[in-house]
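Read through the structure below, which is laid out as structure tokens, and then see the notes.
Labels run A, B, C, D, E and F following the written order; every chain starts at residue 1.
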Amino acid sequence: MLKHQFIDQLKEGDRFDDLFLVKGVRHAETKAGKPYLVLTVMDRTGELSGPVWEEVDYYSDVCKTGNIVKLKGAIRSFQSNLQLKVDEAVVVNDQEIDLAFFLPSTMRDREEMALELQKIVHTVDDPFVRKLLLKFFKKGRLWDKFQDAPAAKGIHHAYVGGLLEHTLSVVQIADLLSTHYHGIDRSLLLAGAMLHDIGKLEELAVNKGVVDYTNSGRLKGHLVIGSEMVGEAAAEIENFPKERLEQIQHLILSHHGRQEFGSPTVPMTVEAFLLSFLDDLDAKMNVTEQLRHKIDNGDMEWTDYQRSLERYLFLKGLGEVTDGGSADASDGMGRQQSLF
Amino acid sequence: MLKHQFIDQLKEGDRFDDLFLVKGVRHAETKAGKPYLVLTVMDRTGELSGPVWEEVDYYSDVCKTGNIVKLKGAIRSFQSNLQLKVDEAVVVNDQEIDLAFFLPSTMRDREEMALELQKIVHTVDDPFVRKLLLKFFKKGRLWDKFQDAPAAKGIHHAYVGGLLEHTLSVVQIADLLSTHYHGIDRSLLLAGAMLHDIGKLEELAVNKGVVDYTNSGRLKGHLVIGSEMVGEAAAEIENFPKERLEQIQHLILSHHGRQEFGSPTVPMTVEAFLLSFLDDLDAKMNVTEQLRHKIDNGDMEWTDYQRSLERYLFLKGLGEVTDGGSADASDGMGRQQSLF
Amino acid sequence: MLKHQFIDQLKEGDRFDDLFLVKGVRHAETKAGKPYLVLTVMDRTGELSGPVWEEVDYYSDVCKTGNIVKLKGAIRSFQSNLQLKVDEAVVVNDQEIDLAFFLPSTMRDREEMALELQKIVHTVDDPFVRKLLLKFFKKGRLWDKFQDAPAAKGIHHAYVGGLLEHTLSVVQIADLLSTHYHGIDRSLLLAGAMLHDIGKLEELAVNKGVVDYTNSGRLKGHLVIGSEMVGEAAAEIENFPKERLEQIQHLILSHHGRQEFGSPTVPMTVEAFLLSFLDDLDAKMNVTEQLRHKIDNGDMEWTDYQRSLERYLFLKGLGEVTDGGSADASDGMGRQQSLF
Amino acid sequence: MLKHQFIDQLKEGDRFDDLFLVKGVRHAETKAGKPYLVLTVMDRTGELSGPVWEEVDYYSDVCKTGNIVKLKGAIRSFQSNLQLKVDEAVVVNDQEIDLAFFLPSTMRDREEMALELQKIVHTVDDPFVRKLLLKFFKKGRLWDKFQDAPAAKGIHHAYVGGLLEHTLSVVQIADLLSTHYHGIDRSLLLAGAMLHDIGKLEELAVNKGVVDYTNSGRLKGHLVIGSEMVGEAAAEIENFPKERLEQIQHLILSHHGRQEFGSPTVPMTVEAFLLSFLDDLDAKMNVTEQLRHKIDNGDMEWTDYQRSLERYLFLKGLGEVTDGGSADASDGMGRQQSLF
Amino acid sequence: MLKHQFIDQLKEGDRFDDLFLVKGVRHAETKAGKPYLVLTVMDRTGELSGPVWEEVDYYSDVCKTGNIVKLKGAIRSFQSNLQLKVDEAVVVNDQEIDLAFFLPSTMRDREEMALELQKIVHTVDDPFVRKLLLKFFKKGRLWDKFQDAPAAKGIHHAYVGGLLEHTLSVVQIADLLSTHYHGIDRSLLLAGAMLHDIGKLEELAVNKGVVDYTNSGRLKGHLVIGSEMVGEAAAEIENFPKERLEQIQHLILSHHGRQEFGSPTVPMTVEAFLLSFLDDLDAKMNVTEQLRHKIDNGDMEWTDYQRSLERYLFLKGLGEVTDGGSADASDGMGRQQSLF
Amino acid sequence: MLKHQFIDQLKEGDRFDDLFLVKGVRHAETKAGKPYLVLTVMDRTGELSGPVWEEVDYYSDVCKTGNIVKLKGAIRSFQSNLQLKVDEAVVVNDQEIDLAFFLPSTMRDREEMALELQKIVHTVDDPFVRKLLLKFFKKGRLWDKFQDAPAAKGIHHAYVGGLLEHTLSVVQIADLLSTHYHGIDRSLLLAGAMLHDIGKLEELAVNKGVVDYTNSGRLKGHLVIGSEMVGEAAAEIENFPKERLEQIQHLILSHHGRQEFGSPTVPMTVEAFLLSFLDDLDAKMNVTEQLRHKIDNGDMEWTDYQRSLERYLFLKGLGEVTDGGSADASDGMGRQQSLF
């Protein structure tokens, strides 16, 4: 199912008949004591709210947070703001709807990025490592999940395709640097770069548009989960060398760089050093990129105080962009405070 | 093979013919330029050194660090110290020799402790958890290894049976407290207490009397290894509930209490809180117990400055004891610096 | 004076005639410029608010924050909330009113706990230490105060009987562990456990239902005050051994475990180590217990983010409970941040 | 008893017959197996060592570390160093010997400093505070002890009169600043400045020339001890105002400025802020002064790396000085690491 | 241009015709959809707000934040608060208006302080250093700017004359202590005291009453800017000794005392130690002084919790004062968190 | 002057007649009391020692630490070690001797690296920035110094050409990443990469083979010195835009990434973020590279514990290499402790 009408294009007086994601519903009461609802819906371009005066029970049932609903109605203006006037609403249960219509998502083409990543997999020299990577990066349920995966909790900070974008970027720089420095084991480094956040597929779950941690995500964390996933995949490959597996698991387990940031073990190999730097660098660069999209023109400007970075930034705008996509943003932030 | 002559009982003039562990060999040269060896051997009661003047190549080959050797010779006195005079030496390859003859070991009876631990396993109510524990704590290779396992690297800080002693102590207190506080899931807590250091069986290896980290021990750490071991054992039990497994893995992964101390995730359940406290408490109490054994009489005395604890201690001696056994000592120390 | 009507049982239309604690009064003004009051009262089961339109000066005088007042009136409903309609109010000056009617208080029986504690005092072997403990834990003004003492500042975090509950719990575990480990001086350990927070009797003051720090509480802290109190009590016991006194004062002064947490000196004896662990453990276990009472059913549930613990908790509910009682909660929290 | 011959004036061939402090005795053995002693003695100008070949048992008994002995003998040269050749030794038990002969001591006149301090006591306006100060700073046992008191543990860092020198310096600056800033309570500030380290009189003990912590010094610390001493002194003054006492105790208890540095409570009054700054400043200035005395000429020079200050210093020499006197040096150093 | 009517003296019904600084303008809308403005103006004694119903575009243009406007109108009362009723407004472009009319400013006489500072400049012995100081502290653009300079960003924390007040206070104490301790180079110390915050003249800019960081202020910081300014001034003095310049630059660059507080290098000379202490002390004393002005009477009182100092303060009021002036307040606060 | 005989090629019995750098001289004395010297000399391949029995005064004068001397003599063997037997020694005062003969130096060709760097300078688009770079990176005294500059203090850690090697590496990666991420100002980033350590030319001085900090190096640090150098160079370029200069100075001043590491200001622009990451990464990669050269074969091996990195490393050897070259090693280390 497709979607054609986007919130940032709706004007006063427009009528709409399209899909929206329910962001929230608030129960209220008029002064006269009559109950009504305040409905907020979103798509990847913005949000709209409006009251629902009638059939409160019906709407209350249909418009649960996280539902994708087909709404009919019109746009009115109230106190200079646009407001939703809903005439009809039905839940849509179609699993095939692309979440990227409703949630902020990467600005890059997910298919192109996926192809690019797969192409690099085939350049990995070590046949065992290549086989291992193909367990994850070729057609199949995991691979589909990987392409859409958000990288952080909460509707507001979820970015469809963010995990793919971040992984590809780290892989590309790792590839460049694997020849700049002497004696890097390129197969290992690329495997680490590709798999370092693979545990996020189980750490986070998207449920009706809402991204949240799973129980095991909180109780074990994506580093340990990722290490386990790789251990299980390697167990299915005959004669996979134990030493290679330990090295790759070490790359995953140590990629946060310090124990304070949740790595049970610190980087002890050249490849692990490099990976932990690149992961951190890419997360920070994405954060600044998001901030730059908010600057209208191409001038240098001071941002608001960035609490997570403990500083103001002086950035030049990147021009207008409607949706963004930071892989690993929240994660990077957790480390940021200590790292800068 | 047994051993009857112990170093702390040998006097000047005694002849010996028994087993010793080679602690080190130093190559030296007389002023005249003639090469000779200085051999140091140990058993659980102490060390002895002495020069080897002849057949340097032969002895150099036989007396490698970590070898168990059968030595014949006599005790002489040199500058008021006892010295070894070796007449014969052969390597002994018998795998059956109990390391407890040569390395400091727990002062408690390992068999008794093992029985006590197994008895508690059978009191665990949850049948799945009990089955899981029996994978580890009943006759078998792992169980044998567990009873002898040292708890830290290096000849000097290895204590045969230390892992068992520490585990039992934590289990016993956990058992006491499981009824003192409301709403503790005793099965879970005991499982966590029993398995929290199980990864040390693969983190450390004893090779010819020398304890050291394995590669995977350093690259992954005993928390992650332990969690994997438990995951694999649970996979062999039909219908083992996923939630229980996650809880137990959480207990293992979080038992160092803080990310700075190598826990990839912090305690988030009541049982995990309790376990991380008890593990730390028991490690510290063992450290003070070791120090108290060094105080001759039963008086209060100030110890030397304890760098790891950043303080002097004021302790009352526990009387004379020849060998000690601190489970988890080095580990506890790592955390100590920050914790006290 | 007794109290029979409790807030959580009052329904719309009920009339009341009973005692309440004034939690606050806000001066407001109608659009027409007429002044009125918004009165909030509390008892141990909850709070109720309501406007007072007439005799504003009189009510303003009677209903001072912290006063216990006898209110007559009725319960009405306003915008689906229950509201207070007050017809009469008088201040009640009776010193004999049990604060436990009005403030959250321990869920355990204070008398039973007191007896339990006194019983343990009599098992203390060392006659000097026992005599010292009886200075505090037998009938008298201090003892009465001890049984009711809250453990933290502010109406919301005060729990009548909290100090007693916490002290007893620490004493009980200390008793259990005094035999688990070798060479513990049980008399000393129990004395430390019983007296460690005794300084809170002077650090905090309850004034008309409001708990706050005293000047000396802030300027000196309960560790130093407690050490002084014990010093003065010992001075009244003939020949009380100086060394024993120093040891007990050390237990009190070091029980926060680290200088960062306000201990002028760190634990240097076995007993001091143990006590500082148990105090911290018991504070944390109380915190989780409070959180578990808020979970309705017996399922596992994630709590909100606990800022003081820097984590989410995954807890199983303890069922419905109306009032709680955490000794040392705020105090524990201060240490928590660094400890976990 | 006086002393006339000082170590820095003795030359090869000189004979001596005077008092020295035994710094240490080492038992040794010739190659031939004959036992002998190596004796090291000191006075405030330096150290001398030498072998004792005969009557080893007698000398071993007389020349215990910390004894003051009357030695007869001569100065010889051995491998270009001066060496002691002892002919006779007797212990001297005279309590009246001024330790300043043997230990490094303040370069200022102790009597003059004492008078200066007493003069300032009489300028204190508040009659209660003045009375309190006179309990400490007028003729009597405490006052005598105060004038000689060293300020740190160990022979090498003990400076006779150091406590007096440091106290006077802090008092003088406090006096200057009490008028520079508005609203300082001069009586309180001066009382705090005079008494802040008074607990050191009981924290440290000089035993036969060796300065060390007392048991209560380690177990309670000089802040708490000082607060107790002041509390006891005030109890002997009729109607001493409780609020004044709390303020003075707060000044003492908070003068290390931060809990990490052992203050159970942080400065909360203007006077406490000022005092904690001045105490720290004066300690640091003394440290640099000591270092400057070691620079021969008046040029700027880089010192060795100062571990305690985590830096090199660039200092101009103060010219030649034989003995120094830093009050509070070690103490200041403990705080330094965090403070600079 | 002068100003005669101050906000704290205006009463209900008064008419005004005087200068005010626009603190902010908010665009609002009546329920009927009619736009209006809410204007807030300030002078050094307080703030006043009021609606502007007519000529919204005109007023919106005239009353830009930071403008100084001449307002005519009256004072009314609305819901017991005083409110502004504006009849006329014109922008005033006069550069000669003293900002001290509108912004909180030092309570001391700026001219007197300036003279005092200049007098001390002439007591500096070293002729090169004196010449250098005269580059800054004699008639000229820089000197004028120095006398008015605020010391921190934002309208609320700007204090006209604060930089002068702070500098003079540090200079005075430095002067006192330059003789208290041995071997202080008074010329250097005074130069450092006078110039330590000189970079703030370029770090901060006052633009229409709003104080903010300049680009170079954020990108380089006032320590580096100040060092550069001094370097450039010295370059204009023939034969200015390179060593003296380095010393003075070191005093400026290290005056925050620790790298964590933005000093690229830590104090390494006696003068630098002293200066960093005095700067910090004076900042803290000013903070407490500001707090004391808010206490009405002369009693001891607990302040609210001071987040920046992480404590409550117990202060005695200094009596009524209308405007304050803390030099270096925000700066001091930044360091406070770590320092206390 | 050239050098042909290198220490690692000298064998027992060889005669030598070539240049060496004096690493140290120790004054000793035979048992008979006769003074002699122990001379240690070095070149870039190793060290040799030997006694000098005659003409002690003459040799003592000639062989001062840091002198380059022409030695004649022979190689003997003593207790299985090679030893120097010196027959003649003269000081060589030739300024033209390439220090790379005597000190460890980069393994890469300095001329090639220099050309590569200059080539990149010409690709910088911004004409002002390019002009600025040419002030430093074209023929001239500074440029010569730059090519040889060591990057750290002390003979053992100085590497001729290290600054050039490090700078080029950072520049190359910066160039690669300037297109990987959006919106990077390549001119600025390259300028920052090229100039970030330029201050080291004045921070460090090589004096007779000994590298040490200059006074201004310690008192101001290479960040501030570098910023000044760039400021002065820009002042010589007409109309150099102030904003560009501030940006470049910000890149230099913030390149240590955090205030704790000596940056007076933290990175606030995208280019500054990138540069601080790359500088740190390159320093760490050099450290591991040095360690890998010490591993003989191509196997994975655990290094000794690396105190500065707080870990063991698991590295694969890079094969045999005689001299190394770590740019920025000590500097990187300083930051390492906190960063990993």
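Just so we're on the same page, a contact is a pair of C-beta atoms (placed from the backbone, for glycine too) under 8 Å apart; a residue touches a chain by one contact, two chains touch by 3 or more.
None of the values given here were measured: they were computed from a predicted structure.
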- For chain F, the least number of touch steps when starting out from chain A: 1
- Looking at B-F and E-F, which one has the bigger number of contacting C-beta pairs? E-F
- Message: Quick check: superposing chain D onto chain E on C-alpha atoms, how many degrees is the rotation, to the nearest 5?
- Response: 180
- Message: Please tell me whether the contact surfaces of chain B and chain C are same or different in residue numbering, using the over-half criterion.
- Response: same
- Message: Can you work out the whole-Å distance between the CA centroids of chain A and chain D?
- Response: 64
- Mean-CA-position distance for chain E and chain C (Å): 45
- Return the residues of chain C touching two or more other chains; collapse runs of consecutive numbers into ranges. 215, 218-219, 243, 268, 312, 314
- Message: Based on which chains touch which, is the overall arrangement a line, ring, star, complete graph, or other?
- Response: other
- Note on the structure: Chain-chain contacts, ordered by label, are A-B, A-C, A-E, A-F, B-C, B-D, B-F, C-D, C-E, D-E, D-F, E-F
- Query: Which residues, counting only chain F, touch chain D once they are in their complex?
  - Reply: 29, 33, 215, 218-219
- Quick one: which bits of chain E touch chain D in the complex? Just the residue numbers, please. 169, 172-173, 176-177, 180-183, 185, 243, 257-258, 266-270, 273-274, 277, 280-281, 284-285, 288-289, 292, 300, 310-316, 318, 339-340
- Query: Across the complex, what residues on chain E touch chain F?
  - Reply: 215-216, 218-221, 223-224, 227-228, 231, 243, 246-247, 249-250, 253, 259-265, 268
- Task: In the complex, go through chain D and note every residue touching chain F.
- Result: 79-80, 302, 312, 314
